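Before anything else, here's the structure in question.
Each chain gets a letter, A, B, C and D, in the order it is written, and its residues are counted from 1.
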Amino acid sequence: MQLWLIPILPLAGFLINGIFGRRFSKSLVNTVAIGSVVLSFLWVLKTIFAMGDLNTSIEEHYFTWIQSGTIDIGCDFLVDRLTIVMLLVVTGIGSLIHVYSIGYMSHEGGYYRFFAYMNLFMFFMLVLVLGANFLLLFVGWEGVGLCSYLLIGFYFDKKFATDAGNKAFIVNRIGDFGFSLAMFYIFKNFGSLDFDKVFHQAASAPEWVLTTIGLLLMVGACGKSAQIPLYVWLPDAMAGPTPVSALIHAATMVTAGVYMTARSWVIFTHAPGAMDVIAIVGILTAFLAATIGLAQNDIKKVFAYSTVSQLGYMFVGIGSGAFSAGIYHLVTHAFFKALLFLGAGSVIHALSGEQDLRNMGGLRKKIPITFWTMVCAWVAISGVPPFSGFFSKDAILLAAYQHSPAIYWIGVVTAGMTAFYVSRAMFMTFFGSYRGTAHAHESPAVMWVPLAVLAALSLVGGWLFPIQAFLKAMFPAIEEAGNPMLMYISVLAGFGGIGLAYLMYLRKPGMADSLAQTFKAPYQLIYNKYFVDEIYSATVVRPLIGGSRMVLWKGVDAGLIDGIVNGVGARCRDVGSVLRLLQSGNIRSYATWVLFGSVALLVAMGLLGGLPR
Amino acid sequence: MDVILFLIFAVVAVVCAINVVVQTHPISSALSLVGVMGSLAVLYLLLGAEFIAAAQVIVYAGAIMVLFVFVIMLLNAGAETKKGRSYLIPGAPLLIVFLGLMAYYVQRYLFPESAVVRFGGFTGGGPKDIGNALFTTYLLPFEVTSILILVAIIGAVVLARKEIE
Amino acid sequence: MMNAVPISWFLTLSAILFALGVAGFLFRRNIITVFMSIELMLNAVNLSFVTFSYQHKEVSGHLFTFFVMVVAAAEAAVGLAIILTVFKGRSTLNIDDVNSMKH
Amino acid sequence: MELLDSFIFITLIKAAVVLAVLLTTLAYLQWVERKVIAHVQVRPGPYRVGPHGLLQPVADIIKLLTKEDLLPPYVNKPLYLLAPFLAISMALLSISVIPFGPMIKVGPVTTWMQLTDLNIGVLFILAVSSMGVYGIALAGWASNNKYALIGGLRSSAQMISYELPMSLAIAAPLLISNTLSLRELVMSQAGGIFHWNILHGPFPQVISFIIFMIAAFAETNRVPFDLPEAENELVAGFHTEYSSMKFASFFMAEYANMITVSAMATLLFLGGWMAPWPVAWGANLVPTVIFAIAGVTALYHGANPARKRDKLTLPVFGIIFLIIAGVFLLPIVQSWLLPLFWFAAKTGAILFLFMWVRATLPRFRYDQLMGFTWKFLFPVAMLNLLVTSFLVAWTTK
């Protein structure tokens, strides 16, 4: 099957652009970067067609990567239905976003660097998806984290960008720490990290072991997929270029946690406690992020919190045992959220860098293509039937209701808020009168063609790709509440949100401000994102920095370690100044010492019995 | 017969070796060293190492030592001067201990009384045997040695050539 | 009188020659003589090799001796060239005068 | 009987015979050379002492022995005395491994016409000849004379340099014969002139023979390579300060070396004691015919003497030659005399070449001499060896 070609192509693109890109023309950089990703996409398609009915998974072994004692980790790639879904999303949407980036990045410095990083990201993401054991998955996991860091800090001359990069990297470490612990624990209990071996034994393992593993994996997933309490890095990650936000921080990388938990479904189904934790964390994240999203004024921040919220939905799906629904939402979310971000990018591009909603408005006429494509995303995310978001969100909510009605009701409220804040962003951007100063212009074709493709996918993706049915064979069957009432309620919530936004931002524009005045305290609370960053800063970051500075740096490092090192150095000098006298340059004195050594050796041999008897 | 031959040439070798050390003029030392090498060649024959005996004379006595003699003549080196410190005080006792220990170990531990050398007791040292071993088991070292020699030639030429103005 | 030489005699001879080589290295001041003392030590070691070869009825010792000779030849060529340059530069063959890289 | 059979006794007898013959030959070789050069230059040469100057060597020996043995001041005495001894002994030592003929039976004893056969005979000769350098180099240095020193240095450099092409030239026929024992070397060339290494095998060793001969001239310090004793530059080179028997030692060493290399050339390339064609074609009659012709010629000239004295001497020589011719026909002695004849004839021919060249060619310049060996002789010898070894490897399965 030559699965290795799929990730290797972007890697080759990265190497070529990374090494020679500085001297390449832009078109050559484009050809290499996009060509490698598109080729990879085509190879995925070829692989799928070659696999026939897709009922059997294929695994390819390339070489033994680590062998030490009982550890035997190979470089193995695995393709089954779940992988195929992820591969298509990653390479397909990746290709579109690469094309889009040509237009978006055309005026930016570090052009080749951007594409090299993007290709590297594709490589690691594909390794993550294809890897047939936890360690290989972890390689991709860390690799995409690295690329995320590099791309968030792409504008490294801006402090907020590098700070955001550092924040993403450091917060992710916490999650990775959990993931590492999970791997150690898996290896300790199952003696292997291969998926098939681990999952084969998992069914018979004690529940508390599986719960521990599940919770630790959950920590990892929380980091990567921006769940409470580790979601704080994702909104800041919007400091990167918008295509990065679309590809990495909406469509693909942040869903890695969802993919990983879905991949480990065997462990989770046997650990109901962990499942509950996932569902609760998911719904809390979804709800809180949605509330924050209500009051944000930066268009990308709105969509960032929306992403966090939607990821929460996916975890709700996973936590409710509806793994296929979670993946389903992952796919549709990839379509419409990528579209939202790219559209936002198009708006920002049109306004030459303006991101504040308050400085927009009335752009409907000026950038019609962007507007109409974003409308598609709008209706999709708001859960308007029969568009894609409706199907997946509905599937999750139905599963959640079966699991716990409380989660369902919070989910419905969240759905309403989602519809509200997206509508708010849409109204503030495209309707009303223009409040900004920059001259708006429509984006070039390389930017709007991907938008159009994604718009089509957002509209019809829901029923064109019945992911849930496609994945049914992989995951355990769940009972679904066949209650049409529930569906009507959630649809109603979506329309309610849209309607409320229409009322507040189009019919009575002053209403939003007056409401904010009326409910000042809650508004301030959500406007400032519940002060989470400040709380973290006060409770974790500052004590940590202070402790590091006072104890670790001044005490341990400067005092103890430097003292030891300097002391060793100083003693070495002292000894050396004595031994220096031996280095007389006189060869005969050297020879005398050699002779002395030989005699000592002979004496030692005699005394210690090194001689044959 | 073997014992007599051994004793004769061992004594010659030791006397020549002592001469190497005590002669003040390098050329006398060099010629004494040739004497040592010649006696060793005979002892090699006694041990059945015909090829090595011939090579010893051709390479050591006939080439290396000629080179030494040549250089001594070229530099017209005189007898050595008594300058600088003597290493007799630390060196001589150490040397005596060294030699004593070596001899003691060899006699006491390494070889039983029955291990003896008879002329003709080992016939595997002819040119054929050496050639066989050299071009099969030791082929790589042999090739590496040839490179070493080449490097040495170039090095010697570079070091010793006259500076071209 | 016995008609065979104990192997240990050969080795003792080798040790004596080696010790004399060391003595020459330590007590002589002429670079060339010192260099010749090294050759003497090499020869002593060669004798041991050939003796071991006899004892084990095995040709390897001869090969080692052969390689020692070749290396000694290379060493002599380079060493004497160095001595020539040293003499050209400092007009002395006293080894104690040659105790620093520069002069 | 036991005494006769014992190895040591036989070897001692053989050594005595060889030494006697060799020393006589050495003495007379000098006479022969003077005669040959004289005749090349169309003059009679030594003529006064004895018939045709035949007793001249005796006179020379008496002169050298009775001359005052000078020991110059300021020489390094031990080395000065050691040098000629080294030179002559190393020159004579090589003879010990040279085979003159096949196995023979003398009375009850069966023995080889060779002092001893080493299976590293060729290496032994190389080793001994390389030791010969010391004699000359030390003589030059110990004399404490700048001409002698230059001569000694030149000689050692020259001999070391020419030893390389010589060894390579020797190696090629050894590859064909596949032995290092001189006796087996000759045995492998049995069967007529086309089995001799110079014409035999996958690659006839003509080039190698020529290189060997050129190197041999240099090794023995003969014209045109007699730079170490170039009298018009260096007075007499390394033996400037030597006189009487010590001088004679060097002289003898040179001639002994000549004989050794000639014998080596014979053994390596010209089939040693083997006759050039089979007995069936009358190979055994060749010496008889040659000596008979010589005897008849002498008798003819004795009948018509150019001078008075020849009336007596020439017939005597003629009769001696005829007797020798007859002796070669006796079956008892044929078995050892014939091989000896062929060996002597071949070696003699090469010795004649040495003299001929000395009478004909001028001397090289020193830089030409060194350039010639390093830039021409050595590469050619290497190439020859390579081609030979390839062809030998190709043809032997």
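Here, a contact is a pair of C-beta atoms (placed from the backbone, for glycine too) under 8 Å apart; a residue touches a chain by one contact, two chains touch by 3 or more.
Since we're looking at a predicted model, the values are computed, not measured.
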- Item | Intersection of the contact lists for chain B and chain D | none
- Item | Distance between chain centroids, defined by C-alpha means - chain A, chain D (Å) | 95
- Where the CA atoms of chain A average out and where those of chain B average out, how many Å apart are those spots? 74
- Please work out the Cα centroid separation of chain B and chain C, and write it as a whole number of Å. 5
- Query: Taking each residue of chain C in turn, which ones touch at least two of the other chains?
  - Reply: 22, 26, 96
- Task: Pull out every residue in chain A that's touching 2 or more other chains.
- Result: 586, 588, 592, 595
- Message: Output every touching chain pair, sorted by label.
- Response: A-B, A-C, B-C, B-D
- Message: Give the list of chain A residues in touch with chain B in this complex.
- Response: 586, 588-589, 592, 595-596, 598-599, 602-603, 605-606, 611-613
- Query: Which residues of chain A touch chain C in their complex?
  - Reply: 584-588, 591-592, 595
- Residue numbers on chain B that touch chain C, as the complex places them: 1-3, 6, 10, 13-14, 17-18, 20-21, 26, 29-30, 33, 36-37, 40, 43-44, 46-49, 51-52, 55-56, 59-60, 63-65, 67-68, 71-72, 74-75, 77, 80-88, 91-92, 95, 98-99, 102-103, 106-107, 110-111, 113, 115-118, 121-122, 124-125, 129-130, 133-134, 137-138, 141, 145, 148-149, 151-153, 155-157, 159-160
- chain B partner, complex, touching residues on chain D are 76, 79, 82, 118-120, 123-124, 126-128, 130-131, 133-134, 137-138, 140-141, 149, 152-153, 156-157, 160, 163, 180
- Interface with chain B, chain C side, in the complex: residues 1-13, 15-24, 26-30, 32-33, 35-37, 39-40, 43, 46-47, 50-51, 53-55, 57-60, 62-63, 65-67, 69-78, 80-85, 87, 93-94, 96-97
